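Sharing a structure with you now.
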Amino acid sequence: MADWCLLVIGHKSHLVNLDLKIIDIKNFGNFPSDFLKKKKMGIEFDLFGKSSKLLPYNLSDIQKNLQRGPQIISPKDIAWIVYNLDIKSNDVVVEAGGGSGALTTALAQASFPKGKVITFEKNKKHYNIVQKNLDLSPYSDLVELRNEELMNQTESIPCNSIVLDLPEPQSLINWAEKSLELGGKILCYVPTINQVEKLLSSLSQWSELEISEIMHRTWQTKLDAILPDTNILGHTGFIVSARLLNR
Amino acid sequence: MADWCLLVIGHKSHLVNLDLKIIDIKNFGNFPSDFLKKKKMGIEFDLFGKSSKLLPYNLSDIQKNLQRGPQIISPKDIAWIVYNLDIKSNDVVVEAGGGSGALTTALAQASFPKGKVITFEKNKKHYNIVQKNLDLSPYSDLVELRNEELMNQTESIPCNSIVLDLPEPQSLINWAEKSLELGGKILCYVPTINQVEKLLSSLSQWSELEISEIMHRTWQTKLDAILPDTNILGHTGFIVSARLLNR
Amino acid sequence: MADWCLLVIGHKSHLVNLDLKIIDIKNFGNFPSDFLKKKKMGIEFDLFGKSSKLLPYNLSDIQKNLQRGPQIISPKDIAWIVYNLDIKSNDVVVEAGGGSGALTTALAQASFPKGKVITFEKNKKHYNIVQKNLDLSPYSDLVELRNEELMNQTESIPCNSIVLDLPEPQSLINWAEKSLELGGKILCYVPTINQVEKLLSSLSQWSELEISEIMHRTWQTKLDAILPDTNILGHTGFIVSARLLNR
Amino acid sequence: MADWCLLVIGHKSHLVNLDLKIIDIKNFGNFPSDFLKKKKMGIEFDLFGKSSKLLPYNLSDIQKNLQRGPQIISPKDIAWIVYNLDIKSNDVVVEAGGGSGALTTALAQASFPKGKVITFEKNKKHYNIVQKNLDLSPYSDLVELRNEELMNQTESIPCNSIVLDLPEPQSLINWAEKSLELGGKILCYVPTINQVEKLLSSLSQWSELEISEIMHRTWQTKLDAILPDTNILGHTGFIVSARLLNR
């Protein structure tokens, strides 16, 4: 795990890697990381004339700085997935695929300190991106990242929750029934209604079926011109979840 | 903490209190709780001709069974609040007011096992409801519930996050600036735009201001008639958050 | 056509039928219609101590006072349908079924004064409701209301637009291709995605396919508590339209 | 008025101006307009190997081909404005400002054949764009376009409806009260909540106050991948309307 830190300059914050020799802040300037390493957390110092300080960083700082690979699940959906699945310490969560690791990191934080996330990502390039992004966070120890495809033949894994962000999640429902503890939930994230239909067919024996769309409408924060933002996501994916009460 | 358990009958689950003498399941029937107490978790048994079993329960089971008091924050908003505030183990969270305890319980689970939630609820009746609802969950030990009003004069509490679900959150911004650790966030939940405006005025020195509305659109799950639900909440509240980077 | 009129009492308006002997205003009182018949349009008079007047009425007054029968298409959808179909004077529009006549009346007004609306409604009870509601408006002369089912075998009707609010609109696409003028549009209003799919299959040779949902979010108008209304329609129907450019 | 026509090539339609010497179709080719002038409406002919024909055009063809100037009111809002104001033949409508003429043209079509639209546009450049766009339509005779600012001192104009798409519509409420017939409506289109608030203050003596937002969610039409479009407009403007029942 690299030596990350939140550098506050005036009213803005920047996630910086102190392992690099030179810290380069966009639209501001660059300077040796040694300069920062001598600073104590929370104590103000001068940086090119600006009042600055180092602070601990959190998950949202990481999420904003993920290396982009395959499409990243948006914050509104991550929030709902983690809550809907009721992830908490001690939980074992299986995730496939890994995407860019945005959800992986959030699942890991929610299951911290005593849970575990097992993430399947068959694509080597994506696998590397997930690994790199996980290293941004303090939770990489909780994640078992497998460079393989989750398939119906994969050995079952006793777990509390399963998240599938894959084109054909319906093909893994049998595996899920074998792996999931009774009372646990599966959640599938799919872009099209056609996929929702296939899922519904295969989940007919499950309980508490839900299909959700989460919309996040942000507003501009200028006091004299309060209005909703023009550009919002009209659609990301349908979230289909179900609970296993009988096997 | 009472002896709660999830009773599965066929494809439906019911949160039941084994401390009661008689278990009464709506539209099903009633029977002595002793009958259930002898059962082992996860093992099927017959209940009036229906295959049944006991299972551990989770937060969503609790949320569906909260005693109703003041308006309950809806799941879509709870999910976003917990995620946006980045609550995790070891965090100290201050909440005012307590409402019905739905958010309190979610905050407690997110900060489990080593965090802490300090909840202010001045109204004695609501305080009792929060207490009762907290007792449904395994997290009541993490919550310090205070039957008092959070005011600007209240002694400051070092904390990582502050959630205000109150009519005039702008009056507590000074208190928040004293209490919150640098890098921490305040989040206010308010129904009207007029309240948003007052908040924006008082948060002008804060960073990362955001105004959000979360909409949750649920769909019917019948395979031959897939359509969005007619009744959705058109509005619950605006979520205004800001981060303290400078004091 | 009955003798309808808009009665304004203070800041509220009421659509009243002067052909009735007694005018009964909810939460206000009742009085002989003769009293109103002597009044001139727009001239104030006293009604039980309230300043009142008679005014001409318009389509929105009618829409609010329709006799309820089968589900009424909501104003947001009527507005989009009339605009999307580009209805104007001289147009011939075919509609099936008639519903409660809300859309029929709007189509008639849009095609006024020289257009024509041909409405198929097989259900005798609904047919009577449409007829009664049409009589509220000054446009009943423009509407040919048929108490029969529109079927593929129905003789073709040269027309500029076709609106289908029926469970199986896909069964009428052949009829539409024969009846519609080149350049004209068909528009189908269906509640489920399953119906949308069937329609898409049958419209594959058409141009300018569009699937739309219209959402109408209303806000409360109290100056000191501006917020969106809580109860909005989460779903009414999908609007599928297509243009016939080739036969 | 120029000699416009709808040219259909295969499954696509193109609005073309036969007054130009050369017709240039993007991603297709160009050819002399004389070639089209000899063709009869609706009769197929060959164009570079593609089955083609000429058809009459309608308002939606015009709207898609408007010259862009100031921001164009979007179709979803135009549809609601025309319907909400109940525009029909014989109506006199006052509009300020003219924008790019998209709404002007729709108001003119709705008031066709015997109504009238009086449009105020003080900006000479915008005025010219409105004029040019009006000339696309067959309705320019119904529109009186004034290159002046509508102000409280402007002589009153007896009318049935008033539409204000201006930064400070509240300053024109007195003028509206003098000009509007009793029973008529004013409608203001404003982007920010701050403007909504100022309007509400000045409309306190009016009736039937409404604040609306119209959202239009479009879906992709590929049968094997049905999903909502990602890019939708999160916000265009708030629509505030009120009715004048008392002067």
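Observations
Order of writing sets the chain letters: A, B, C and D. Residues in each chain are counted from 1.
Throughout what follows, a residue touches a chain if its C-beta (ideal position, glycine included) is under 8 Å from a C-beta of that chain, and two chains touch if they have at least 3 such contacts.
This structure is a prediction, so every number in the text was calculated from the model and none was measured.
For the pair subunit A and subunit B, the fraction of shared interface numbers is greater than half, so the two copies use mostly the same residues to meet.
Interface comparison, C-D versus A-D: the pair with the greater number of contacting C-beta pairs is C-D.
The greatest centre-to-centre gap from subunit A, using C-alpha centroids, is found for C. Centroids built from CA atoms put subunit C at 48 Å from subunit A. Distance between subunit C and subunit D, defined via averaged C-alpha coordinates, is recorded as 22 Å. Our note on geometry: subunit A versus subunit D, Cα centroid distance of 44 Å, whole angstroms.
Shared interface positions of subunit C, i.e. residues touching 2 or more other chains, are given as 193, 217-218, 226.
The touching residues of subunit D, when paired with subunit C in their complex, are 6, 8, 10-13, 42, 51, 53, 55-60, 75-76, 78-80, 82-84, 86, 88-89, 106, 109-110, 112-114, 182-183, 193, 196-197, 200-201, 204, 207-221, 223, 226, 238, 243, 245-246. Contacts from subunit B toward subunit C in the complex involve residues 191-194, 217-218, 224-236.
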